[in-house]
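For clarity, chains are labelled A, B, C and D in written order, and residue numbers in each chain start from 1.
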Amino acid sequence: MTISDDQIKNLIYKSCRLLDAEEFDDYLDLYTEDFEYKVTNYSPEIKSDQEWMDANRAELKGLLANVPLHFRLLGSFMRHATVYDIERNGADTANALTYVTIYYTTPEGATSVWAVGRYHDKIDVSGDTPLIADRNMKLETREVGIGTHLPM
Amino acid sequence: MPISDEQITRLIYRSCLRLDAEDFEAYLELFAPEFEYRISNYSVEIRKDQRWMDVNQDEYKALLESIPLHSKPLGTFARHANVYDIERNGEDRAKVTTFLTVYYTTPDGGTKVFAVGKYFDEVDISGDQPLIADREVRLETREVGIGSIVPM
Amino acid sequence: MSRNAEEHLSPPKVADGESYIHASVYTDPDLFAEEEEKVLRRTWKFVCHISEVEKAGDYRTHQWTGVPLVTIRGNDDKVRTFVNTCSHRGAKIVRDVAGNMKHMTCFFHMWEYDLEGNCTYQPREEGYEELGPTKDDLSLREIRTDIFAGLIFINFDGNAESLRDYIGEAGEPFEKIFNNHELEVFHYNQTHVKGNWKAWYLTNCDLYHEWSHLVNRTTSVLTKGYHDRPWRIQPNGHGYNAHHLDGSPFQVNYKKYKSWENRDHLVFKGLAPGEFRVTDIFPNLSVFFRATCIRLNHSTPIAPGHCIMEERGLAIKGESREDRRMRTKQFVQIWGPFSRNASEDCAYVEATHACQEAGANPYDLMSRVEKFEDGVHERIHSDTYLRHFWGEWSRLMGRPANNPKNFMEAAE
Amino acid sequence: MPRTAEEFLSPPSVPEDCYVSSSVYTDPDLYAEEEEKLLRRTWKFVCHVSEVPNIGDYRTHDWTGVPLVTVRSPDKKVRTFVNSCSHRGSRVVRYPAGNMKHMTCFFHLWEYDLYGNCTYQTRDEGYEAHGPTKEQAGLREVRTDTFCGLVFMNFDGNAAPLREYIGETATAFESIFGENDFEIFHLNRTHMKGNWKAWFLTNCDFYHEWGHQVNRSTNLTSPDYHDRPWRLNHAQGHGYTARKLDNEPFVVQYKNYKGWKNRDGLVLRGLQPGELVLTDLFPNTSVFMRTTCVRINHSTPYGPDHTVMEERGLGIKGESEADRRQRAKEFTQVWGPYSRNGAEDVAFVEESHRCQEFGANKYDVISRNEPIGDGLQRPQSDAYVRLFYDKWGDYMGRPANNPKNLMTAAE
């Protein structure tokens, strides 16, 4: 039974929901074993692309495990995603493009737009449930407040 | 093979992707011949509807091609859309309602909401590819910064 | 026993006047205006790295004390800086952040300037024949520009000493290493910080705050020999710390932080594996080495309680994709908006500002002293550099940092 | 040779009326003085009559920080009141526009009729002891007058009447407004970071047409563009450009801009195809006519560096839907937030302010001089800009090139 577009969409929306809720273990289960996760953007200041986060499974797992130990940006994130496009290449993988708006809410409850960007995902559809094999969060926004320990 | 809702939804999202990328040629390919494009809103001040852009196919094509001749608008737009409703009337046409948030990011990377509104599209589904036959960009926001020579 | 209002408002019980400052240095608008005149427009200010304006016509726009500026490489390969305003009606001429241009055209009335600041074209020039002015007296205002070890600086004061003299010995820990390689910028981000530019800079210089960073606690502070490094205080308000007293390097134990590895591979020529150095150039630039990574960090004041921090990462030009990726991964572990430390640093500055802004905290303590046996050098968790910074600030301002507006004696 | 600091900071080598100190755009004290001596002494444009056609139709607006409401009273006369309840001072009418039988303050439900009389005080027995009575609690009325369907107001009760204030400059648009029954179809407001004079003078500085791709292609390619003299009203500080010296209209070649056509149809009565008539009324209102549509543009300052510009488009009352649509299309080609010129004009003002704000640029050079014969100047001269600052100087009692004696006396 091949994996449908809807299953892929649900996977991507679930990744947002779990990260919002900071359920990091379940979040990591959505990825393939040797996935790669990146946060990138283009800087007109230095006229080149750049990476602001670049982690494999071990690194992301370690990073997420340490988050509670840090003095953290207070408040919470909500990720509003819309899957714009899904393209299949072969039977095993699909590419998904998703628009994401990340809202940041202060402890006092004030919400503002934190960043807008696009998930460029490579989805592994060879098994019976889809998994994220590669995620590149391409940020449009580069002024991201005081920053955060969390991935986007 | 009749055109699916998914294909219509992809068409709407593709129009956002290509306008964001300012790939005007590819963007115009999504429109049916003799299409019309309007940006409108209701002015509380003069208590009537008004149009801030109203163009047919030739006018819109010329307008888009002239954009690079103007002094370079600084910053970029990201159009985050969600298709809310698709209503078929007959074999040839479908009415599509899409919720739209347009974010503006300055060259320094700061992002703000530029405008919110809705696309009211009439999509031609008579061929093998769906095409936009009429688009009304209904703006809720009327304070749109310094304005924009790039349409919504 | 908690303190009552009276105690809270009177100066801290510390040995000498140099061990504390009055928080108005961070919040007072008059002092901020005076600072622009007496400090910011009298000292050398870092602009960018030469790799950012590599070819003729490459430019970078920026601003200092509110004045829009553009730094650009001329056709004669010389790097110049101009006030970025048209001599006609004053519009900003170069409006983009960075790029390349053959000449500068003002988009308002299409006046043109060449890369040396001369006005070269005005539409319908005959309109100025009768009342003037002519093109020759309409050129752009040039700001003194100089380069040290690939770092471009400017100085509003035409009569100030040369850049090399200004930096002096403080160039020792980084000049040779920068000249060992051809470097280029691979990382850039800026952060708007709700705090004073000095508060941001002094967080970079205050190594005592390493206790609060999880990364620094695990990989540095608790390791042997961490405290055996002396502060090297230099003239003009600079300072650095690098080698231990016995000349050996301080090497960070990165693998102590979960899932990280030590930095033994891709180390810059002149540094030991894992070596850490930091140089602080008055008034606002810090140059960091973490073995495989170089960080240039400086703050631009916007208002007393608002500054923009800029973060640059330098790497070796032409290195392989794999090397560049490894170097980038290690840089963004600690620096950059999604790193382990950056948001913590911003949080400290904003948290202190929140109290100073309303006058809730009138003083800032810097009375830590940790001397070596030689009785001369001080260990890196002493506040000797902070006192040195405020000494230089007071000298330029002509005001004591612990009582800049005589709040104590004369009633304001 | 680039200029040194010293040269950069000293005044440009031009006559004193040919440059302006940037402090006129940024200095808060000068701005406060402007409110008193200029903005509250001159006639200020409010709206077009078609915005308050019926009895009870109203528009709220602000001027020098004072909230105002303009309404058509039962006697059909258009009046303006300070929009502040005589009781505790709350704004009475809180919506931008609408229709009302009377004005009710939402705070304690006091009521006023459309002549400004206080007609109802809740539990008015409470005011028997100390007053005030309803008769003493009317709204403050502000002098209002209409000319060619343009509603103006003036805080100064003793100022000359509106017709006299506009004076000979009326010839630029009076007949055209008389021959066409205009009705508003477009309005947008733009908040900009810049001074209200910088915005108004961008409207009056035709030399900046070089900065517009539209004007470069449709205007500046025609050599006779420069044959229209400025018609200056030295008494009141207004000015306009219309017909050329030979009394022929200057015809804009709209078709030179890709995708546009020349404006030969729907020509307003009194204008020729392609004709352009541009009128600037001191201190802040421009009435521009581009053959088929009329643009009224004025600005309201909220401080030295915050200005709200209002853009209005007029068409013909009762015209067919198709005609109105074509006229609106042509209007939004040049004016409005998504037009070809709109964003550029605001950018010119904001980028100039960016350099004047902190003193990076001290002077504004307005020395362009292009005589056309018998004392008149061509459109791309700075003649009107110099007249504006001459008038500004009269009201303020200060020279615009050195308003605070920055050069002579030490501050």
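As a convention for this text, a residue touches a chain if its C-beta (ideal position, glycine included) is under 8 Å from a C-beta of that chain, and two chains touch if they have at least 3 such contacts.
Just so we're clear, the structure is a prediction, and the values are computed from it rather than from any experiment.
Chain centres were defined as the mean of their Cα atoms; on that basis the chain farthest from chain D turns out to be A.
In terms of C-beta pairs in contact, the better-connected of the chain pairs B-D and B-C is B-D.
Inter-chain spacing, taken between the CA centroids of chain A and chain D, is 50 Å. Note: centroid distance chain B to chain D, computed from Cα atoms, is 33 Å.
For the pair chain B and chain C, the distance between mean C-alpha positions equals 44 Å.
Separating the centre of chain A from that of chain B, both taken as means of CA atoms, is a distance of 27 Å.
Under the contact definition stated at the top, the residues of chain C that touch 2 or more other chains are 95-97, 107, 189-190. Residue positions of chain D touching 2 or more other chains, listed in rising order: 211, 344, 347.
Of all residues in chain A, those touching 2 or more other chains are 44, 142-143, listed in ascending order. Applying the touch definition to all chain combinations yields A-B, A-C, B-C, B-D, C-D.
Residue ranges of chain A in contact with chain B, taken from their complex: 5, 41, 44, 80, 82, 84-85, 97, 99, 101, 113, 115-116, 140-143. The touching residues of chain D, counted against chain B in their complex, run 51, 59, 95-98, 184-192, 211, 213, 257-260, 325, 328-329, 332, 336-340, 342-344, 346-347, 350. Of all residues in chain B, only 39, 43-48, 50-55, 58-59, 61-63, 65-66, 69-71, 73, 142-149, 151-152 touch chain D in the complex they form. The part of chain C that touches chain A in the complex is made up of residues 52, 60, 96-99, 185-193, 212, 214, 257-260, 312, 325, 328-329, 332, 336-340, 342-344, 346-347, 350. Chain B contributes residues 71-72, 74, 107-109 to its touches with chain C in the complex.
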